[in-house]
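Quick one: the structure is below, and I'll ask about it shortly.
Order of writing sets the labels: A, B, C and D. Residues in every chain begin at 1.
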Amino acid sequence: MIKQLHIPLGSQHAALLEPLRLDFSTENERIVSVRSDMGYVHRGVEHACMNRFDFKKVPFVVARVCGLCAITHSTAAVLATEQIVECMVSERAQWLRMLALEFDRIHSHMLCLAHVAESSGYEALFMHTMMERERVMEAQEILSGNRVQFDYATLGGVTRDMDSQCAQALLAKVGALKSVLSGLRDRFEANWSTQMRFKGVGAITLEEAYRLGTVGPIARAAGVRTDIRIESSHLPYRALGFEPIVALEGDLYARNRLRLEEIAQSIELIERILEGLPEGAHLSKVRGRPKGEAMARIEAPRGELFYYVRGNGGAIFERLRIRTPTYANLKAFEAIFLGQEYSSIPAILASLDPCMSCTAK
Amino acid sequence: MIENLTLFLILGPALLALVVYGAPRRLYGPLVVLSSALLFSAALLAWLLHAQSVAIALPAWTHAAIVLLDFALIGYFLWVGVRQNHRLIVLLALLQGALLGWVLYALSAAPLAEIVVDKLGATLWLLVTGVGGLIAWYAVGYMRHESDSPRRQQAFVAILIAFLGVMNALFVADSIELFFLLFELTTLSSFILIGWRRDAASRLSSLQALWMNQLGGVLLLLGMGVIIWQGAPLFFSALLESQSGWALGAAAFLIAGALIKGAQMPFDRWLLGAMVAPTPVSAILHSSTMVKIAPFMVLKLGVLLHGTPLAVAVAYFGGFVFVAGAFVALARNHLKEILAYSTISLLGLMVMLSAVATPLALSAALTLILFHGVAKAMLFMEAGVLEKLHHAKSVDEMGGMLSRAPMSVFLVLLGFASITLPPFGALVGKWVAIEASAQSAFLFLFVALGSVVIALLYFKVAGYMLGKPGSQMGLTIERIPRVFSVTTLLLGVTLALSAILIAPTLVYLIVPAIEPFAPGSEIAHKGLTLMLPSGDLPFWQIVGAWLLLLLLPLAGLKRMRRVDRVREYSGGERIEMQPVTFYFPTPRWIVRAMAIIGAIFFGLIVLLGGVLWVA
Amino acid sequence: MGGVVGWLLILLAPLIGGVLYGMERKLKARMQRRAGPPLMQPFYDFFKLIDKRPMVVHSLHGYLGILHFLGMWLALAVLLSGGDLLMVIFMHLLANSFLIVAAFSVRSVYSQLGGMRQLLAILAYEPIFLLAGVGFYFLSGSFEAKAVFELSSAPLWAMWGIVIAIIIVMPAKLKKSPFDMAEAHQEIIGGAEIEYSGLFYEALYTARWLEYLFAYAFIVLFGGANWLLGLALAAVVFLLVTLVDNATTRLNWQQTVAITLGLSLPLGAINLLLIGIQ
Amino acid sequence: MRLERFRKKSPWILHYNAGSCNGCDIEILACLAPRYDVERLGILNRGNPKQADILLVTGPVTHRSRDRLVELYTQMAEPKVVVAVGSCTCSGGIFRHMYHVGDGVDQFIPVDSYVAGCAARPEQIIEGVARALEILEHKSHEIERPFQLRGPLYCSGEQTIRRQMAAKVSDETN
């Protein structure tokens, strides 16, 4: 007789960085259904941005929606707001914003990979990845002055300029990271146990990926060629010239490989940015108050981040709407979980890289 | 003295059964207790007094009675087959009749004794009357919860008691002719008792049990035919003395017949079907006594087999059943089914050890026969208690039984522990088994694998009973009718006491019984220390493990006064949790493959019998 | 072993086991390019755990933890006193059974899953250890550990297959990657030990040390009379297990049982067949 | 032997995210990594309140997570300390007075050590933990109770039943 077990995961759990609750019904350990509850971290940031904070402060407030991808939130908010206020952003500022975004992507992807390793019980790889990740954290500190919440993007440009000495230091950091990347890739891909554990696990098909509206690495790992960096023109990515990376398998293994390749790609982009950085002022003055509505799309580490702002000429936004990548991916989670072993769930969950504080805001 | 006791032990139960059946309602309970006590004291006395084998010749008229009864039984089976429109039963009954007729036709008068009371028989009497008597007593209480009329309840208990006589006779019968009759009588009683509840399921199961056991009877008759063909007397003792090939052939048929009675694969179905019957039936027929005919037969003929390909085939067959039975049991859900399959599995182990037939292996086999009998009877009785008082049959329904029925669960756990953990008898039997089977190639691999799977099985079931659903409640000591608690507790105490006294028990109970078959058993004891040729079990290990296992319930009853109580961790949430354990579905093809492998082994044994006979 | 040395070892077992565990943690950290905790860290943990306010889910659960520790010590004592190897393994099962029963007796999914997985881990390693016991019997003619220590030629050479088989299942026994599903910190947060705290967790913690000592003492047996060789082998296995722990992910229970039984059981059986032929 | 000495040497951590932006959480993770390697101080991340001595809380305590926080806190055995990591955890920070936020951990449970910063740096976190350890060494075994969302604490004789110490995680708060 088949009997279902109920295995709860969360809200506090060793495999979770953020509170979130999943209720699995399993047969033995195979998942047959899942219920999820994601709202534990709701703080009401959108509401606060529409009631309490001046529009100039909003980029700093929305950065606190999520610490992992803080810079993407503030950049997206800034890009949207700049369309409805009087402001001239220099080319250099745009390039610096891209630089910060790419650093953010690397550190986020590496954290995700480390978390996947930890969640699948591969502690040494977690340690290794976290150790290499420190280089990126240092690079971010050199660039902006802080490791995590660095409030770099602001209305009219970026908060700090960069001199050549700083550029050299950054180049050295990414160069060092580049040299260790192949070793990391070996440990993720050439190990018999990771192959057993990751291949064919947590897979999603191309058709499902389309139908469920996935974005970011999850979609790309399943073969969907989507990358907001070349789809939108808010930031001059096209000048850098690159192609989105796509994998076909859609499983955990493919997602890991995709992230590793994107890290390599981001390193390359950083090098190109640092080489071709245009001259100019890093910050320009913002005049007037937001009037009208605008939106911005940006490729956050987890996929498409969408901002919508509407101002009525007052100092406070009339409406601010954030649509985060994890929110778009949530629908696919269930499809991915079903039929998996419970023992794979922490690793799968980590590889989906959910950002609950983004989603719940 | 022994002769009188033997007569009492064989015929007494039938008389006592009549008394019990005819007794007024008020008196029948005490009468059952009294008869059980009488029978057990007789068996104990016989065991104590027994010094050497005693042969008892039966008067000539008994031959006629045996023949008459034989044909009456076969006639009854034929009638059942015709009435139930079951062609197989009709066919087998006709076959049995023809074979029996032929055997009787060719039979020359036999000058030998018909009953030989040896130490093995006397030891098995202890098991039959001790455990069987308790089960009969237990059945008095159990049947009160059935919907039967009082008369029918008394009939049920009376049949159980009468059956003890059949078993007693079976273990000392030297005449194979008599043995066949008794074998057929056990077939009859399992047919009647399995069909006791008279519903559709019972009918089907009882018919299945009937035809399979009839097949066993046919094989017995074939074995007898082989002996007659050679013109040899129809006696076990004569068979054991002849060293020629045909004797092996006959032994192969006899063993094959007994293996069916022991529900070895692929004939495991009938024992499983027996779970539709009232629980005492499972306890007495299908765990502690009747199925033991299989290892008993192999044990008895083991010396004859020793060193032949037949012994190898039987041993590997037993080993296979040990693992396969345990594996199949993993997927089962009804407690009684699980117990039944683990019985089949352990019977396989006993058959295997009996076939190995070294003194050590035979000692291990007998140890297992005895202690498994006690433990399994207790487990089945507890399954009955859980079924009747707590309305839980399947393991799923037993979730968190601990908080409702701590006493029953404790005894079930004790039963499980006694089969899987040191220092209990059955485990020591298994230990001796490995030490014994290590000498003969790879048999111990079966023992190793099988015992681990059995441990997995039992702890899985234990897990269900322990896991508490719902809110955290204290234990409520349940009220159990005294019949249930006394009978099961007696068995539990037996298990616990024999565990600490395992060394003397083995030396004084098992070794003398085995000695006549395989002299030179090297089991010895010094105080509580058990000494085997290949390794000792010092007293401190026995006492240590015993204390640990018994310290646990005692300490568990005492509440820790100065320690805080806290809620279980559940990620900060508060959830109502249902106990969980895995289930291990056995794919259909594996079950089929196991049946086929069993059938091949079985066919091989019969074939070897044929070949050896011809050669 | 046996004799005074054996009993001394038995008495000091938790001490030695603690140091062994400390060494393992240190070594693991060094392999991950970390400084790692001090060698005596397990003992610091030990004293801290004594000091915690005692807390149980229900008293039986607490007792079972202590019984697990005592049982483990008993199993170790049987081994170190030169007792019967099969009984050693059964005693070890006895010790583990307390933990499994405890795991099932609380209202926590993780604990019960842990108990179930612990059972499966036993299914994975126990037959191999029994196999080893029989292998020793083939060589020494006795099941006693004492007799193994009198073998002049190290059993290691004859029992190569069984040694490899034991090394394969060693992670399952010590709850190390890739076969540490029974503990699985990221899934079931320690499994059977999840509900223990303070003094009672300490019983499990020290039982873990004894388990280490138990496993490696079993390995020392393969050196026979040449106990230096045995110790060297144990050291190699120690390194190897730690290395593998640091280089693999955790596999799920189906994979664990399939690999351990599918790989090591035939290997050990073939080895035994060869010994039997000789 | 003074057992209190050893509290400092083997602090085990439970980390709970009570609505943080993840910034501090990833820095706590970074503490475990080889660069900062807190295990050399005996610190282990247990992920289990029953075996933890230090509760590292991040986040301003959202309404959904507050009773979970209290529940976890009450499941920790005394002596225990709480470290509030990050500005918003100390006081609500930028989230202060937002409608779904509880303005800091010390509104709910006693906090022993505050680590400011948005996000708090690994060095700061380690320092905060070290400060908390000084306090831990001098704590008694008395039961510490949450300020809010407090359930009853039953005592029968010498035995304390702390099952209801935290108020129920109820459907209304969901």
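Observations on the structure shown:
Assume contacts are C-beta pairs under 8 Å (C-beta built on N, C-alpha and C of every residue); 3 or more make two chains touch, one makes a residue touch a chain.
The model shown is predicted, which means the values in this text are computed figures rather than measured ones.
Listed by label, the chains that touch subunit A and also subunit D are B, C. The innermost chain, defined by the distance from its C-alpha mean to the mean of all protein C-alpha atoms, is C. The greatest number of inter-chain C-beta pairs in contact is found between B-C. Centre to centre, using the average C-alpha position, subunit B and subunit D are separated by 59 Å. The mean-CA centres of subunit C and subunit D are about 34 angstrom from one another, to the nearest whole unit. In this assembly, the C-alpha centroid of subunit A lies 43 Å from the C-alpha centroid of subunit C.
Per-chain Cα centroids separate subunit A from subunit B by 66 Å. Looking at subunit C, one finds that residues 32-34, 53-55, 109, 113, 185, 189, 194-195, 197 touch two or more other chains.
Within subunit D, contacts with two or more other chains are made by residues 16, 34, 47-48, 50, 68, 72, 77, 143, 162.
For subunit B, the set of residues touching two or more other chains reads 472, 559-560, 562-567, 569-573, 577, 580, 582. Interchain contacts join each chain to each other chain, per the touch definition above. Residues of subunit D that touch subunit A in their complex: 16-27, 29-30, 32-35, 45-48, 59-60, 62, 64-65, 68, 72, 88, 93-95, 97-101, 118-119, 121, 174.
Here subunit C touches subunit A in the complex through residues 31-34, 109, 113, 177-178, 180-181, 184-187, 189, 246-255, going by the rule given at the top. Note for the complex: subunit C touches subunit D at residues 25, 29, 32-38, 41, 44-45, 47-48, 50-55, 185, 189-190, 194-198, 201. Within the complex, the subunit D residues that touch subunit B are 16, 48-50, 68-69, 71-72, 75, 77, 143, 157-163, 168-169.
Subunit D meets subunit C in the complex at residues 1, 3-7, 9-10, 34, 37, 39-42, 47-48, 50-51, 53, 77-79, 141, 143, 162.
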